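Two complexes follow with chain A in common, the first pairing it with chain B and the second with chain C.
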Partner chain A sequence: MADLINLTIDGVALAVPKGMLIVDAAKTIEKDIPVFCYHPKLKPVGLCRMCLVEVGTPKIDPATKQIVKDEAGATVIAWQPKLTTACTTPVSEGMSVRTQSKPVIDAREDVLEFLLTSHPLDCPVCDKGGECPLQNLTLAHGPAVSRYDYADKQHNDKHAPLGDLMFIDRERCIQCARCIRFQDDIADDHVLQFHNRGRAEEVITFSTPGFDSYFGGNTSDICPVGALTTADFRFKGRPWELKTAASVCGHCAVGCNTALNTRLNTRTGVREIKRVMPRQNEQVNEIWLCDKGRYGHHFTHAANRLTHPLIRKDGALQEATWESALQLISDKLKTVPGQKVVGVIGDRLATEDAWLFGRLMTDVIGAAPAFVSPRTASAYADVARAAGLGADADFKALGKGDVIVVVNGDVEEQAPVWFLRLRQAVVDRGAKLIVAHHRSTKMHRYAAGIARFAPGAAAQWVAGQPAELAALKDARNAVIVFGDEKLSGHNARALAQSLAHALAEAGHADKPNSGLVPLYPHGNTQGVCDAVDPSRGAMPESADVAWLAGVGDPADAPRAGFTIVSELFLTPLAAAADVVLPAAAPAEREGSYTSGDLRAQRFWPAHPAHGESRPDWWAFQEVARRMGKDWSFGGPEAIFAALAAAHPAYNGLSYAGLAAVKPQWPMVGRAEVNFGGTVYDNTAGLGARTARVPVGGAAEAPVEPTLADLTRPEPALYRAGDLIRHSAVLAGRLV
Partner chain B sequence: MAKHLLLRDLDIPNIREIEVYQANDGYAAWHKAVTTMKGEDVLGIVKDAGLRGRGGAGFPAGLKWSFIPKDVFPKYVVVNGDESEPGTFKDHQLIRGNPHQVIEGTALCAFAIGSNLAYIYLRGEFSEPGKALEKALDEAYAKGMLGKNLFGTNYSLDIRVHYGAGAYICGEESALLESLEGRIGQPRLKPPFPATNGLYNKPTVINNVETLANVPLIVHNGAAWYKAMGTEKSTGVKLFSVSGHVKNPGNYELELGKFSIQDLLDMAGGSSTGRPIKAVLPAGSSSPIIPAANFGAKLDYESMGTIGSVLGSCSFIFMDDSVNMVWAARKMIRFFKHESCGKCTPCREGTNWALKLYNKMLSGEGGKADIDLIADVNKQIIGKCFCPLGEFATSSMTFTLKHFKQDYIDFVEKKMGGSPEFLAELARDAHATHGGH
Partner chain C sequence: MLRTNRAADIEKVFAKYPTKRSAVMPLLYLAQAEYGYCSPEAIREVAELCELDPTEVKSVTGFYTMFNESPTGKVILDVCDDLPCALRGADAFMAHCESRLGIKAGETTADGKFTLRSAMCLAACNRAPLLQANGDYHYDLTPESFDKLIDELGK
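Entry: the complex of A and B
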């Protein structure tokens, strides 16, 4: 434990770690000192002057250098003549702070009145209204009448685009610089700046495209007024009309905790997602989201979602009932030998879907091989499961003495929020970063060591025992993040194996905050692979029956006499199928994902399923029942319990355990948007870490990359063809 | 009048040329320091001499230099030539008339703290003195006074000139550093201070042009010689920029503590209008105004404090009794509203509001309630600003209200607002500031 400092705030004695700022110390005893510019995730700047407090320190006798005591023996406090900003002043031993005295209250009222002289006070039409720090603090400290002549108000642009994703209302901006500082200090995309001075000071963007950052949406959350609105949410709803469901982003392996805000469209009677907000999980996404996670939700309500099962009749797919579709499937499956059936499941489905899918293939149909798509990622998930991050893993604990190696991966493009967190481990806390890649990535900016290899030759590079990896030896903790760019499944597996070997060699195999971190393509690659234990053999050329559940890549589908597709959309594979089952989207159901750093996390339904779509696990169970299996899982919770009983990585875990929460710092949340922004506190569950499971088999040697490997496009956050193409707001960013 | 020590261009023609400067002991101290002295010896002499900063705050220069950590490299010297305080034009004359003395002082400072690179930051409008300075630097390089391995030693020094974009706040040292680094000119949070975390986060000495112009004399003639001038706590000579209603405006070089404000007024020929002088702003618009009754105060840091004002940058703007203080205060508030960097709320919003209120007074729409509101707005700014600029802004209101409240009352009661001159002035200002910016 760090050194503790004793102080009193409004007469309450407390002890907090050395170096803590007064504003944070007060927060620990739930005394909210009003702030605008301060944010617990940003470096303090002390510019809004809202947090002024009275500060005193023990009076020192100049002659004796001793602390002066009064007759009663109590320490005499020397109060500073001027008010002090609580957000820039660290606590000191014996300090006394007044947050409620007359001068302090007066100062708050003074500063607030000043801010309001330039504020339009258009709360009734402001998106922030209802969750606005300025509005809340005005109610608490603001003047009842305006002494400022309304005719003197300066009028500025109210709908200025900062690029295509964000708008700024220049009248509402209170120049707190939170947005600029987020971009500079956290995202390291220096695309915002103040322009002009005095009352004319305004936030501008100077990148092309405007506000060019994958993280811009976060500035809307931490903006203390309604100045920054996202192109996605602006004018889409008032905060008090929104319902909230806890969810987990499925767009990448980070598994950011989200809050899905939905609003009832009274015209259509449909409850729709209006925005995706961060839900605090300090070990996963802290309070951030990337813009793909924030804006990539529109597929859920896309007009062309499948609404009914489809059965091919007379050469064309035609709407059918679930009953007829399920019966047709089970009848078909009963007529073919198990070995002639192939199951392929996509890595976007929930772990529970995958577990039942796997059992359906092996226990019900019998001996049917099950594959996971994408095949490349599924080729090394067991290696990652064996050598992944340990029980206490937290990127926030990485710092001086620790080594982070990124091999063949582009962390910002593939796992954006990990980029933020790993960057801070390096830049702010002194971890050593080594980057090995065939091209440049943003991570290269912070690297202490850089290695290059030919495209597709990552595993060969590791096999050559490069000098750069010698740093692993002296590391306190070692985290190796790797990607499968330009690699075949075989070579990606060889890379994972050689990296796991390097970690073990350097003595990190059993450490709780060391391990391999794969940059999987989606949010549940690990969970689906855990549950299915995918076949690594070659995909059969042909089969009698193929069941493709959420498979995006046609290359991952065998040719079959009869094809079943479970899907959200009429994809090319679905369009060619014999039976198509409409799947419920993640926001419409319960389930869990396991992130790339081995954390299992639950998500909850935000609104009813579209049309007649149903969760995939339900369809799998219904088919199994029609084939004589007595499955009666009431829902994902029961399925997860079965998985937990059977799978060593999940032993001992339960849905109740995944829903557990504990206090987090900084304290943020709905009731008090002032301190942390409009981010949601986590009341639904922080998830739980899953265990390493040893893997057998000898290490495989990498082979020469093929032309197909080398011509595969490099990973990009906004690579189209994904679900995100349904988000019109991202149209300008797709690649 | 004794020969000038700083404004030597008044005594010696063409001292801006290096040959002339050298013929008058120029660069002798520099040569002696680099070839025979240690950095700490130079520092010791300056400390001993009691030289205080001439940029406004009067902080002892030698003490400031001694804060520079020895073991952190590189270190920088930054010369503050922003000189933006209204009524201040002393650095301008030094740079233009006697540039080598500024360069030599800068060089000695760099040598004293072990720096190899100094920047002279000039306000953007100083293109003409800047040319003189750049020419002088070229000469100094050509003569081997600057550059690599000076006088055959292993000490090297470069001095570069950098022009700001013309903002008052860029005279504040940390905003100056921001500007020098290429960012928007706004002050930094302190601590840390520039001595440890200055330019590019490295140890940095920032001194005013005039402060450093004293250094060659001190090193050449010794601390005792310098200390013999001035008072115990305000040693040496000081430049005073005199303007306003005086017959002979200009820069005056005086020994500190020997003369009074009245003496200075007399030296400047007294009132130019024949009307009695009503008050003086001793440090431009950022200083507490001094009514004529207090003109007996001596010109040194301590004496000015005893009459509730400051020596500051020594820019004395004299005003005769035709000046109404509401008008004068508005002029200053308009300046501060225009120059507020915008970083902190009280200064950004407070000066904006105050100007609106003064405009209301001038337009003839102001009433007694507006005088109270001005006082309130002023009080709301005081003590809450991020940097001194905002606090400076309040002194124009605080002290005109304190010493000349009657002017405000007269203004309302005698309906002085709304006159054609005032209306024309308001219209002119509105135009000049792009609709209120």
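Entry: the complex of A and C
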């Protein structure tokens, strides 16, 4: 490690990488230099002056150009006459820093006194109170009394909407510009800026339609005061009333690590999710969440959740007990031949549910392997499994010399946090981006090469060996992100195969940070397909019995004499069923998801299940037992163990192993709220990458797209689905 | 429309800069000349021309005091009342200006002729009290010379 720099902070000697800022160097020895404007994920600007420290460098004799030593042989330090901002000063060899001297302590007190001249001090009613850097640092470093004239306090707008989802309290704002810099540098959506200057300076938006970013909620996390509050959480609870459960977002293929904050509603006695917060996982979502993940949780507590099993009697669905519903199902299944039973499972269920469902269909009932809905994604999941990212893959390691190709996908709409991370790989670290699509996307802004093809002709484009893909040959690592927009399952599979082939041709097949990254519709599409090994053939027109577990698209359901539906809501498919089983929502149970970049991650229950709803795996096991199978899985842990023993992608992984953690950089989280914002640290588990599994079969040639393929809607972040339509806060943006 | 009314000027401005966003301030001056002030529409037009978000342009007009975000009188009087000028009687002079025009600093006369503003340092402390009238300096002012100036400018 040639690039280490030696320095001393408050007498403690340390060595840190070249280029590190003093404020971060101090963090490595767990020494806090207070900051407001500095954030480890943003470029430093040095405008709040809270991080002032004394800095000295070795004294150089002007005559000899040698470092001056005292009698004892120690290096003499030349202290700079003025205090320096630790957040903009990189470390240098032999540097000495004082963070606790009298001038530093006095400066902090002065800075805070100025920041508080017009701050309302309305902590008792402020949403940030209890997790507020300004509150914490004022207690730690601030003056005990204010010398300012009360009449001279400035009074500003306290409830200004910046957009539909964010409000600003202009009195609380301390003009640190973290929100503006996040929008400029991370989201590349320049809808926030300062207006005016001096005491009149304020954060404004003059865009149409205002502060309407897909990533806006993150600004509330990194706001060091209570100025930015979300429409979802504002006035909904105090931080110290909230309990936290680790979870994983299931709304897209990224698999962002989340923390579900719940609060007991004392009127109803029900513990409810009050907000979804990011949980640090530097290889997945860093500390960010998109607004869909943040605000899309309301379905869990929707009033029309199914509470009891339902059985059709005299033509109408009527409430029933689990016992009678399970008995009815198993009795029915015993009477029909196995091959006349069709199972379809949605990609929203946990991997453990899918594993048991798959075994139930093939091993217990004797049916063909289950189908996975959506059918398009399940058509190529095995190809993506074979050519996916390697074990140590990390978008953050992509940079100069690497090539990122986006084919037929709209990364910002389909996997927003990947958009942030891939954009930084290109814009900040110099990776080469090639975008191929039939229309323009936000990713096109950063592309070094752009290719266009006719809608639905992505696979044909790749098959034509386009010049744009020649860049793969010289790449250090190559990541190909692809989507299935306007493609049939067959064509999507052909696309995945041809892209995997292109990667292998260019010599990237076995590299750890190269591979295919599919833009799956949901968070566990890969996991469900792994566990079920789905049928890819045509869905039978009719069946004696159909079991539809979490199937959203009616087109993915066969006509059947007897239909069983496992669901959260009385969807059209459930309403037409003969038996409906109420499923527990992800926040009410545990399990694991496997993301689009092949990472298996666990989620934990945040509150008890709604009504009598139960986890899907439990219902599948109960039916199997009634049919004579001796299953006695105690829970997802045991099921995962069975999956890991049987499935090569999961060999060697354990459920407990998914909960392993290791130190992450930058240091953020609850103990570091003053530094990194209100993001949660990851104490529950970073997950583990599952392995590539080779896939057999010859490459298939793409066919002409059909009218049905071409008229399918474009992917959109807020495309109304069965779940996010229950979030009133997102109602205005559903498409 | 700036794009149609000032097409030649816009071309000249753009020719001077390597990127479009660098031209934002000269274009704002053009817009201010065209519309009398940096109206919301003017800001959106400039943003479109420079390929910026309107918020970014609004931030520029907010930062620089010589971009006006609301309509002004025909003549803008900027009276310096910073500390050195105040020591030379700027406060009393400003009070006279206000009573002569019948408005407070920051306001515009009802006939739309004058806007009176207090300005930060105009870099001529030795000749205070002074003001800028639409950018032209008038030094060593007295109540009498101010009244004369107003009569002249108000014609």
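Keep this in mind: the second predicted complex is superposed on the first by the 730 of 735 C-alpha atoms of A that agree within 3 Å, B and C clash if a C-alpha of one lies under 4 Å from a C-alpha of the other, contacts with A are read in each partner's own complex, and residues count from 1 in each chain.
Keep in mind that, in the parts below, a contact is a pair of C-beta atoms (placed from the backbone, for glycine too) under 8 Å apart; a residue touches a chain by one contact, two chains touch by 3 or more.
Computed from a predicted structure; not experimentally measured.
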Combined model on chain A: chain C and chain B, fit or clash: clash
Chain B versus chain C as contact partner of A:271, first or second or both or neither: neither
Chain A: partner with more touched residues, chain B or chain C: B
Touching partner for A:31 - first (chain B), second (chain C), both, neither: neither
Chain B versus chain C as contact partner of A:236, first or second or both or neither: neither
First (chain B), second (chain C), both or neither touched by A:190: second
First (chain B), second (chain C), both or neither touched by A:207: second
Touched partner set for A:152, first chain B, second chain C, both or neither: first
Touching partner for A:114 - first (chain B), second (chain C), both, neither: first
Intersection of chain A interface sets (partners chain B, chain C): 193-197
Footprint of chain B on chain A - complex, ascending: 44-50, 52, 82-83, 88, 107, 110-111, 113-115, 117-118, 147-149, 152, 154, 174-175, 193-201
For the chain C and chain A complex, residues of the former touching the latter: 40, 43, 52-59, 62-63
Sites on chain B touched by chain A in the complex: 167, 169, 184-186, 189, 337-346, 348-353, 356, 360, 373, 376, 380, 383-386, 436-437
In the complex with chain C, residue positions of chain A that touch it: 190-197, 204-208
